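Some structures to go through are shown next.
Two complexes come next, and they have one chain in common, chain A, joined by chain B in the first and chain C in the second.
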Partner chain A sequence: MILTQEALKLPQINYVALSPMLILFGAATVGVLVEAFAGRGRRYPVQLGLSLVSLVAALVMVVRVAHTRELTAGGAVAVDGPALFLEGTLAVLGIVALLLVAERSLEPGGPFVAVAAVTAGTEADRVQAQRRDAGTEVYPLLLFALGGMMLFVSANDLLTMFVALEVFSLPLYLMCGLARRRRLLSQEAALKYFLLGAFASAFFLFGIAMIYGYAGQINFAAIHEAIQSSTNDRILLYLGLALLAIGLLFKAAAVPFHVWTPDVYQGAPTPVTAFMAACTKVAAFGALLRVIYVAFERTAWDLRLVIGGIAVLTMVVGSVLAVTQTDIKRLLAYSSIANAGYLLVGVLAVGGNGNHDGLASSMFYLVAYGFSVVAAFGVVTLVRDADGEATHLSRWAGLGRRSPLYAGLFTFLLLAFAGIPLTSGFTSKFAVFGAALASGQAWLVVLGAITSVILAFPYLRVVVLVWLSEPGENTPTVSIPGALTSAALAIGALATLLLGIAPQPLLDLSSRAAEFVR
Partner chain B sequence: MRSTGMRLIVGTLRCMRGYLGSYATLGLLLVVGAAALTGAFGVNRLLRPGRPGDPAGKFANYECGLDPVGGDWAQVQIRYYLYAYLYVLFAVESVFLFPWAVVFALPGFGRTAVVEMGIFVGVLALGLLYAWRKRVLRWT
Partner chain C sequence: MTWVLVAVLAVPAVGAVFRSRAVAAGAAAIAFLLSVALATGRSDGGLTGPIRPWHQLDVSWVPGLNLRFHLGVDGISYPLVVLTTLLTLLCCVYLLWTDGDGTLAALLLVIEVGIVGVFLALDLVLFFVFFEIVLLPMYAVIAGWGGAGRRPAARKFVLYTLFGSVLLLVGVFVVVSRAGTADLVVLSAQHMLPADTQLAAFILLSIAFAVKSPLWPLHTWLPDAHTEAPTVGSVILAGVLLKMGTYGLLRVAVGVLPDGARRVAPVLGVLAVTAILVGGLVCLAQTELKRLIAYSSVGHMGFVLLGIATLTATGFEAALIGNVAHGIITGLLFFLAGAIKDRTHTGDLSELGGLRETAPYLSGILGYAAIASLGLPGLAGFWGEAFAVIAALRRGGPLWTVLAVLAALGGALAAAYFLRLLYRVTHGAARPAVVGIGEPVPGELVAWAPLVVLALAVGLVPALVLGVAQTAVQVMAP
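Then we have the complex of A and B:
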């Protein structure tokens, strides 16, 4: 083969438009260098400062390029409204989660160890769990994950999307195994997440192969064209789409691909759980929306029944199983599964006029849910006894008498999850269900409303337990949070309140951003 | 209009002849293989005498006719996995270096290509640097 310049051109890359993720990748790389060369005592302040500055810089760049609407890097990355909106969301939620990750006053040396793979229960593991000056690897990992998520929501072809999926998944697997307390549970969570995640990635990759077999292209726009014009067998398309959907729905924690969620949410260090619940959800749904709206819009009618079924299953299973939980982290995990169902309802408002509203309301939902869930897990990190966090629900009995402020805060967040008016939970559910109604998905809305009522029960049970029970012998105390956790809690609770009272600015913003570039 | 299930079946049948047709042989081989294995074991089961019991040595490990030494569960320390990681690092690197070397000499590529490859190799070298500083390369 003769290579000529015409045949092979360097792609045009708009570095400014890509700068948010480039900043994060760059900062993460510097973070690795800091780990390798800075003295032990200085790593924590340096890493925290570096992560915060880079995240703020990424957010500033997102705002500065907010009006960019173009494909760049040879069509591999789309910088458009939804991509920038979700990148901004990821940066903000990343900052809030970082504040929880960086908290060191609750536990000397912070909630992380340095090496995830040391055999649990050995002498080496005990030694590293007692160290006070290690465990700063989590900051570069967090930045790599966030950079990967940003690429994931703006990827415009399937291979870029797959690479981004791996870039954000691998750090997450590792971060799950870094808990200082309950090492074995943490390692179990990491291994489970890794194995199941690897399966999901394999499905995703095989789906790409099938789609390539059908369309002869991996670019979203080309797939969109091919669905109309290709003479290949459509079974390849459906097979590929199903496999792709498995990969994406796994990350989104939709039933029946949800089995990892409770175990991983429970075993992972709570700040990492908060990060996963908020940011992974944004990334997974951002990518799902892009795949469905940009590449497979013309198969939306065929998709509707399948994804609708998954949405119903997710809402029902998530809310019913949440009722039976006795551990607060598992309860929040099942609540997160049910919320994935509500988000799928928003995703399903695809096709025709619902396109725009479905997209805008889903993005609004992601922001609202992200803030609430980070704050909720933030409160979970505070309820502790000598063995670390006390997550069993029976231990929370009578917590309201001991510390009314944090119990009140948690109650407010639970009410937001339950969708009580004047909280962001109400406005976001209202927006999503409204969009689904507008596109004629009344059955989904009815089921969504029913499951919301079911889901309100476990939340209210916790509220009753916290306020109306007598504090028992072993009710733990609520630790006084340091400045970082306080800031994270304040931001999360304020956003939950503000998006409940005055959602219009963000609704307008998401509505203006809700236009994909093909 | 045919139902979705009907369409799926028809589509699958058509697929057998089309893009996925070449996999039909593989599928057939798998089926035949499974059948041969089940058949052989089934015949074995039917024909052999049934002698339940637990005489000494029946469940011992078989080691080429010699008396077995020790149990069959041995733990192996996987010290090499870190080296495997590092190998993967550089195997991936070389995969990208070959096409780079091909386009390098084309007009318009020289300097840009060098810089881009410098960044790529630099990031990979960073991983090695980190491993080195964390004393991964030292044999313990």
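Then we have the complex of A and C:
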């Protein structure tokens, strides 16, 4: 009897340290119950309030446990500097994205429908697209996704990581299909994302199996040990690592696993795109950093060339294809791909001999880019005509004359993407490239600098189009944003400016946080 | 005095916010007075390195990126700072009198902040930040207020400059990460980089600065940008923006990387003399007024670069006074070209004949500026070119002697094409385009007069520039 009890002894769980994600999962579950039991009219305020409060609460808890450095839940979850930093980042970016998601003044009833899977073009779909009192399902989905992302960046074994991957991916697939306008495009995006994402997950899972075959363990620390001591065939290790990397790089939108990005970014409802561009990047790179530098640090040298090659490909393909885009959302999607390349440069800069600049600058980059990209997509939601958002670039001609304020804001954000000094884009690129150069990756820095010039062109083209072209009859108006979108834009733009002129506090914070526990 | 360093940047920055011509002129005037005042209370502060700022301000900004807000002014930067504030002031006054645009004036102030910042920065990263700030407002000035072909011209300008910025950025990265500091005072005092790193970094930086200067064969953006830019844009572009390149080459590339400089200097010298000759020959064949002046800039900047390439104190002095003289004279020439084009709506030399008949004062000033530009002794243009040739001769050896001779020939070419310009434009019977055009209005005269006076003053008393710069140049020359 005593024996059985010992065998069933549950692992110690530090609930306080895990509270940020627990709060979000709890709130998401409550959100589902709200959908089931609250009246239609009351759901929107309740859901919005619940999501906002839970995100703020999660953020508060992150701050309160900020000094925790431990493994908990039987070593399945790491609560360390990078995990907490990224959890905080996810909470803040989640709040900003939530403000865009919750905006209802631009479109009666908000930009979402209730059911993603109704066949597009049918009567039922038309009916649901015209309902004004539905579409609150997106809030619990958002919370589940954020909770999953938080778990993803702090998972300390491969199986937990896989579970987290699925927990945040499934809501995202669904959210992509919820657009009220252009239903077919939205569903196509959701299906594409789902299918490719399912493949990526399968690769990831297969990779776990390979690694398990090699190390006999799925725990990161154990894998780290096994790489030195195991006598098994290394082929298993490399194959497993490659398959894992495919799964992670898919989420990070690195070339050649990027093909879903433009279609999904274009088809998904813009607030969801903003959420994905900011938060999915954080989650994917958080997990990538942890996998590489906690579990596979001893093979990092073998990896360097491969990941370096992928980084170069990502930067080049992202920036070159961005030049040819004619749709603003696709343009931002390719820019997001190129930014994944710059982040990979930062990932590679995480060197041995106690140099944490690469990790710190990558985390800084994730925050800076997240704020700018949420605000940029926020502006995209404002440029509308009778059919919804006008995303074709030709329609943006002369927007500066129609509404100088938002055109100016968008220009500022594009300058940040282009890495012009006094914006967060410059600081973050400088930090990442500086760290990469310090760890001897000069060739990546050179290519990074060249591609950022190429990438400056599409941005500049948009700026020229917006300011120097005559507004045509086709130029849509810019809707007056409601309080929520205004707040999101203000936060995003202010952060972009502040991180450009006074980045030191966040740089300090990220470099203090930049140490994994194993 | 350190507050003046900040104020000279802050005043135009604040003035730009209002987007009003009157405010811009006021801010530019205050900035000019402040910049002149920088010369008071000079002392080398007991420093012994090659850079001994009279005043400096050193505040930590972003230690994580090695970025310090480190400003300082010395004999090399002071004349350029004053030139910048003066030309910006004159441009703002010009806009005030003519039907200028408040936004255009505001952009000029932003450009001023960037350029003055480049001249004042004593931190390499800060230098880069200011270098970049100039790019977009200048692009906007050309693309927003330029002539018919402004879009392609502006695009070309951006393309070249961004290309230069990338090389500059990589060069800055190399220097800062290898040396572990971005402080220009420290970097120029202790050359801690190994020779190969110096060579690589020098090549990167000198190409970056050569794009800006511009040095042949990276100059092709310049004529287009000048031809299409509005008058004030051309004045700022030629007057001071190009100086960022030569100043950067002198202070950053040569100052921080002397070993690299020694190894590349002959190449720079050859390119500089090629620029002088090519600029002169192209000018002889030019038929468009602003293009001609733009190409003459290529030649003049060739002399400046030749001076720097000799790596001697005489050469540096030549570069410095050449920079200032070119800023004054070419600024004036572009003002005049703008005035003529505004009146006649053409820049074609063959259609401008007989200007002397219909607007004798205007053509008189044009003649004065052209003669100053061709390097007549007694006017400002003479010293820079003469000293550059002398510096190359003194450097000795067959290569430098040949370069000196060719550069002197290039100086003669300048005389030829400017006299051809005057012959075409001012002499002969009045062509239809110049009939009935007005003489300079008071606003224009106010904007031009300081330049006319300075061209003579610097020509007669070169010590105006060289006096303040002498110590700085002497300690800098290797």
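General observations
Simple rule for what comes next: the second predicted complex is superposed on the first by the 507 of 518 C-alpha atoms of A that agree within 3 Å, B and C clash if a C-alpha of one lies under 4 Å from a C-alpha of the other, contacts with A are read in each partner's own complex, and residues count from 1 in each chain.
The criterion applied here is as follows: contacts are C-beta pairs under 8 Å (C-beta built on N, C-alpha and C of every residue); 3 or more make two chains touch, one makes a residue touch a chain.
Bear in mind the structure is a predicted one, so any value in this text is a computation, not a measurement.
Looking at the shared chain after the overlay, A:Leu10 reaches chain B, while chain C stays out of its contact range. With both structures placed on the common chain, the touch criterion links A:Leu33 to chain B but leaves chain C unconnected.
Residue by residue along chain A, chain B and chain C are tallied for touches, and C comes out ahead.
With both structures placed on the common chain, the touch criterion links A:Gly213 to chain B but leaves chain C unconnected.
In the superposed model, A:Ala487 lies in contact with neither chain B nor chain C. With both structures placed on the common chain, the touch criterion links A:Arg234 to chain B but leaves chain C unconnected. In the superposition on chain A, contact is made by A:Pro421 with chain C only, not with chain B. Those residues of chain A that touch chain B in the complex are listed here as 3-5, 8, 10, 29, 32-33, 35-37, 213, 232-236, 238.
Interface residues of chain C facing chain A in the complex, by the touch rule stated above, are 61-66, 125, 128-129, 132-133, 135-136, 139-140, 143-144, 151, 158, 162-163, 165-166, 169-170, 173-174, 176-177. Every residue of chain A that touches chain C in the complex is listed here, in rising order: 415, 420-422, 426-427, 430-431, 433-434, 437-438, 442, 445-446, 449-450, 452-453, 456, 460, 464, 467-468, 502-504, 507-508, 511.
In the complex of the two chains, the chain B residues touching chain A come out as 8, 11-12, 14-15, 18-20, 102-103, 106-109, 112, 123, 126-127, 129-130, 133-134.
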